[in-house]
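Here come two complexes built around chain A, the first alongside chain B, the second alongside chain C.
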Partner chain A sequence: MTKSVRWQLVAAVVITFVFVAPILWMVLAAFKTINDIYAIPPVWVPDFTYLDNFKLLLSENWPFLLNSTIVTLSATALCLAFALPCAFGLVYFQFGAKNFLADWILSTRMMPPIAAAVPLYMVFNGAGMLDTMPALIIAYAGFNLPFAVWVAMSFFRNIPKEIIEAARIEGCGWFQTFRIVALPLAKSGIATVATFVFIFAWNELLLALFLTTREAKTFPVVISSFSTVTKTYWELISAATIIQILPPVIFTILMQRHIVSGLTMGAVKN
Partner chain B sequence: MAEITNTGTKVFARARPEESDRAIKLFFIAPAVIYLLLLSVFPFIYSVYLSLYDAKLTRMDRKWFVGFENYERLLSDPLFLKAMQNTVVLTVSSIILEVIFGFLCAKVFLSLREMRTGQVLRSIAILPMMITPICVGLMFSYILNPTLGIMNYLLSGVGIEGPSWFGNPTFALPTVIFINAWQWTPFMMLLMLAGLVSIPDSLYEAAELENAKWYHIARYIELPAIRDVILIGIILRVIDNLKLFDLVYVTTRGGPGDSTELLTFFAYRQDFRFFQVGYGSAAAVIILLISIVVTTVAVAYLRKVQK
Partner chain C sequence: MGEIVLKDVEKSFGDVSVLRDINLTIKDGEFVVFVGPSGCGKSTLLRMITGLETVSGGQVVIDGEDITHTKPSSRGLAMVFQSYALFPHISVRDNIGFGLKIAGLPKAEIDAKVAQASGILGLDALLDRKPRELSGGQQQRVAIGRAIVREPAAFLFDEPLSNLDAALRVQMRIELIRLHERLATTMIYVTHDQVEAMTMADRIVVLEGGDIQQFDTPIALYDRPVNKFVAGFIGSPKMNFMEASPGPDGTVQVKGGPALKVPGLDPARMTGRMTVGIRPEHIRYAHDAGDLTGKILVEEQLGSDAFLYVEVEGIGMVTVRAVGERDFHSHQTVHLSLPPETCHVFDESDLRINEN
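So, the complex of A and B:
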């Protein structure tokens, strides 16, 4: 090992530490008693068999974790159901407004959700859907639709045109071509889109904050409520953080190859 | 259809009447387009309409047309102007930090990319960017807490008395900026890595033969290779920072005073705390207008790069 490589390695360890230490410190807190959390000098290594924080958290808040799971999974499914046919059509159909339509869909992805907040609130209020999971599912599926369409397009584009043409020549209608040929070939791409939409919906706070009040609250809303003006429940926050960040962490480790192209909507590949 | 006919084969699909073909195509594309029209375009337009009224969320049946009064009030509202200024400061400085540190990190991981240890470290170092933003905010509230936080404890070990990071008006915004940069530097790093790996080794060797200094290499070899990815990264980060909400919601709530008030947070509070939806919508429309300008540039650019 040359000297320069050794220094690079040291630098890499330092960088990694900077990006992981804050996460780890919160993870450690989840296994500490309230006294240990407040102890100065800090308790460095907690007793990992101490699980009371998790028990306390989940005994009262498991319904909201369930809400988050249901909302996120349903929103992902609903989003893909609308996005995939649209992406397929935008890639394979020939029509005049195609590029315009694709650009318009992409631009709606960039719009700030706060500018849709009050109208959405009023519509769901009028429909008697405030504080229900369907309202959140509809909103999340919609706000992730542009992303899903755009990224799915880049995966459909990777299917060799000849295969689609062959299917058409064999007499497949567009529905059959889509279902029997295109979907199976774009399977791994679709999985990527689905996981991204899942994570985006899982992490969302703003919409959930004003569309829910009691029954349909998602886990992020509950976590944010542990920090009040008068008191911050660190033992609950740390335990909840572990549960909340588990899906994104697993996702990052398993899908790191797709993260760059996903977050740049296919513009950068690695 | 034309391409299929070109292959010279007699095509069954050709016999299908044009009308039903169009209906099928519509069936693929229209649902998503209608969904988007109803869920984002309609609300945006309705926000513009609301911004011209004096309206309260609790009494939406009574509202008064006030024309551009809400906008006039906004532009002389010190809190809104401060929110605008903070958003610009936050966006610009966190992006500068992300680009600089992202580049340094990318250089380190670039030289270790063939090594298993380097790859493992890299995949751990990118964890922050997909983590739930409110959890990131709370993590740092815990670390930077003046009484129980580990940061000020460590600082006291070297004789420095750490401030109240979120409670002190001088430190609050820089602290939020650093947290934001912490979360998104790995994203910039990955982007730049994607650009840097495309540089052939022969270029570096040639530069070495010419006795080029590191800044020559950075300026004439590396920068051209990563210019496009940096621009994409900056555009996406500008758009995301305009929407930034979660981080301040769980850390400072805009305070102390107005020192971390941001545009989205301002609009949220007008709408759902004070129920001034006319006023809040006007603020949202201004955010929307800024986004449209940035987006127009972004879409044109992303399309160009994807080609």
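So, the complex of A and C:
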């Protein structure tokens, strides 16, 4: 090992530690009592068989975890269902103002979500959809549509034009071309889009705070409620956060192979 | 059946006109090659026949039916692309049977047709592989297989051999000629390679600058090109061109060379400035005497032929094709003669004016 490689290794370990430390500390805290969390000197290694934090948390809040799951999966599916055909059309159909339309779709992304929070509240209130999961599903899918359309467009563009043309000459209509040829070839793009939408919807807090009160509350809202004016329940926050970060981690690992191939697709001529 | 008629077909992209007044009748079972330099519009013309490109004006008629505005999937044509355009996510078997499956044929029938096509093309051992596991030549065969199983009204080829190496190109050329004999289906083939055009076509369409220059048999193009462009484009090495003017007694006076009595040339059609063209293989050469004297700059010896690049004072570079010749070398002096019966004469607007 040369000297410079050794220094790189040291730097890598330090930087990794900086990023991992808070998560590590949180994992340790999840297995501590509130007294152990505040103890000085710190309790470095807790008793990992102490699961009361998790038991207490889930016994009261499992319906909200279920809400989160339903909202996230539905929003991801809904977003893809609209974004993929839209992107396909924007890439392959010939019509005037095509580029303008694509830019316009992207421009809606430039608005900060908070700017839409109040109008969304009024719209869903008027529709009688406040504190319902469909409201969140629609809002999350909608917020991610521009991004999803643009990423999907870039993946459809990477499919050689001749392959799409060959499908059409072989007798495929547009929908068949989309379903039988374009979708399987844009698989990695779909995985990438799905992962991003999944993570956004799963972690979203702001709109969920606005649009839900009790029935449709999602898990991030629950976590935020553990920090009150009088007391912060660090042991519950820690336990809840572990549960909160697990699904995105698992989902990303499952999709990783596709995402990596997606990000390098088109980098070399094959 | 597959008679394809183009009537006054035009194409423009915005204000840019890329094809004008295209009138062609391609007979059923004919092998027609569109040839021309890049940018001449040959691929665009092919794509308009497939429907992948819209037609700006005129009509496309297949077997008497106007299909100008019919979508590509309903035209019953098959196309082989330069990049093969195989579906990378499915096997060779599914690629070949793709169109049949889309058409909703029963599986047993698809299997039988795929087996037949793969037998013709020698793909039997490769049916379960994915396209990326095949060589370029094999991928090309799969693309052809995908086209033939559908028994289309016509096959369209867009520079299908350009991505293959030279040896494979010659082999595939022969296979395509044999395939055409066997299927007797209309084939339209786009290429910029005039050797492919000459060897494969029943008739050739020479395109340049968006216009059809000439539509005729390969031999007619070679023997009787209508203009200087066709004369220069067909034949390898290229035809030699020399400046000329009207000479005495109905002859054509080559500038810096002899006066030629070209048969079949009407003196009334001569213009002040003309061009005489002669193919490299028609020039006679000798060590001792001739109409022109020059120096061999480069000798390209192929064994079967020697190409002599001769610098002639007052004329410039003249290419001579000397069949089987071993006795003329670089830096030697050579004497050239231009047999008038092999010369072509072009007027000032580059149209050929001798009638032989």
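Keep this in mind: the second predicted complex is superposed on the first by the 247 of 270 C-alpha atoms of A that agree within 3 Å, B and C clash if a C-alpha of one lies under 4 Å from a C-alpha of the other, contacts with A are read in each partner's own complex, and residues count from 1 in each chain.
By definition in this document, a residue touches a chain if its C-beta (ideal position, glycine included) is under 8 Å from a C-beta of that chain, and two chains touch if they have at least 3 such contacts.
In this text, all values refer to a predicted model and were calculated from it rather than measured experimentally.
Visitor: With both complexes superposed on chain A, which partner does A:Gln176 reach: first (chain B), second (chain C), both or neither?
Guide: Only chain C; A:Gln176 stays clear of chain B.
Visitor: Could you let me know whether more residues of chain A are touched by chain B or by chain C?
Guide: After superposition, B is the partner touching more of chain A.
Visitor: One more residue to check, A:Ile40. First (chain B), second (chain C), both or neither?
Guide: It touches chain B, and chain C stays clear.
Visitor: What is the contact status of A:Leu185 with respect to chain B (first) and chain C (second): first, second, both, or neither?
Guide: Only chain C is touched by A:Leu185; chain B is not.
Visitor: So in the superposed three-chain picture, is A:Ala116 touching just chain B, just chain C, both, or none of them (first/second/both/neither)?
Guide: first
Visitor: Using the touch definition from the top, say if A:Phe48 reaches chain B (first), chain C (second), both or neither.
Guide: neither
Visitor: Would you check which partner chain A:Phe100 touches, where first means chain B only, second means chain C only, and both and neither mean what they say?
Guide: In the superposition, A:Phe100 touches no partner, neither chain B nor chain C.
Visitor: Using the touch definition from the top, say if A:Ile163 reaches chain B (first), chain C (second), both or neither.
Guide: Second partner only.
Visitor: Jot down the residues of chain A that show up as touching in both complexes, chain B in one and chain C in the other.
Guide: Touching chain B and chain C on chain A: residues 94, 165, 168-169, 171, 173, 270.
Visitor: If you look only at chain C, which of its residues touch chain A in the complex?
Guide: 50, 52, 54, 71-75, 77-79, 81-83, 85-89, 98-99, 102-103, 132, 146, 150
Visitor: Residues of chain A touching chain B in their complex?
Guide: Counting only chain A, the residues touching chain B are 4-5, 8-9, 11-13, 15-16, 18-20, 22-23, 25-26, 29, 37-38, 40-42, 82-83, 85-86, 88-90, 93-95, 99, 101, 103, 105-108, 110-123, 138-139, 141-143, 145-146, 149, 154, 161, 165, 168-169, 171, 173-175, 178, 199, 202-203, 205-206, 209-210, 220, 223-224, 227, 232, 234, 237-238, 241, 244-245, 248-249, 251-253, 256, 259-260, 263-270.
Visitor: Show which residues of chain B lie in contact with chain A when the two form their complex.
Guide: For chain B paired with chain A, touching residues are 1-4, 7, 9, 11-13, 16, 21, 24-25, 27-29, 31-33, 35-36, 38-44, 46-47, 50, 57, 60, 105, 108-109, 111-112, 115, 117-118, 121-136, 138-143, 147-148, 150, 153, 182, 185-187, 190-191, 193-195, 197, 229, 232-233, 236, 239, 242-243, 245-246, 249-250, 264, 267-268, 271-272, 277, 280-281, 284-285, 287-288, 291-292, 294-296, 298-299, 302-303, 305-306.
Visitor: Would you pull the chain A residues touching chain C in the complex into a rising list?
Guide: It is residues 94, 160, 162-163, 165-173, 176, 180-181, 184-185, 270 of chain A that touch chain C.
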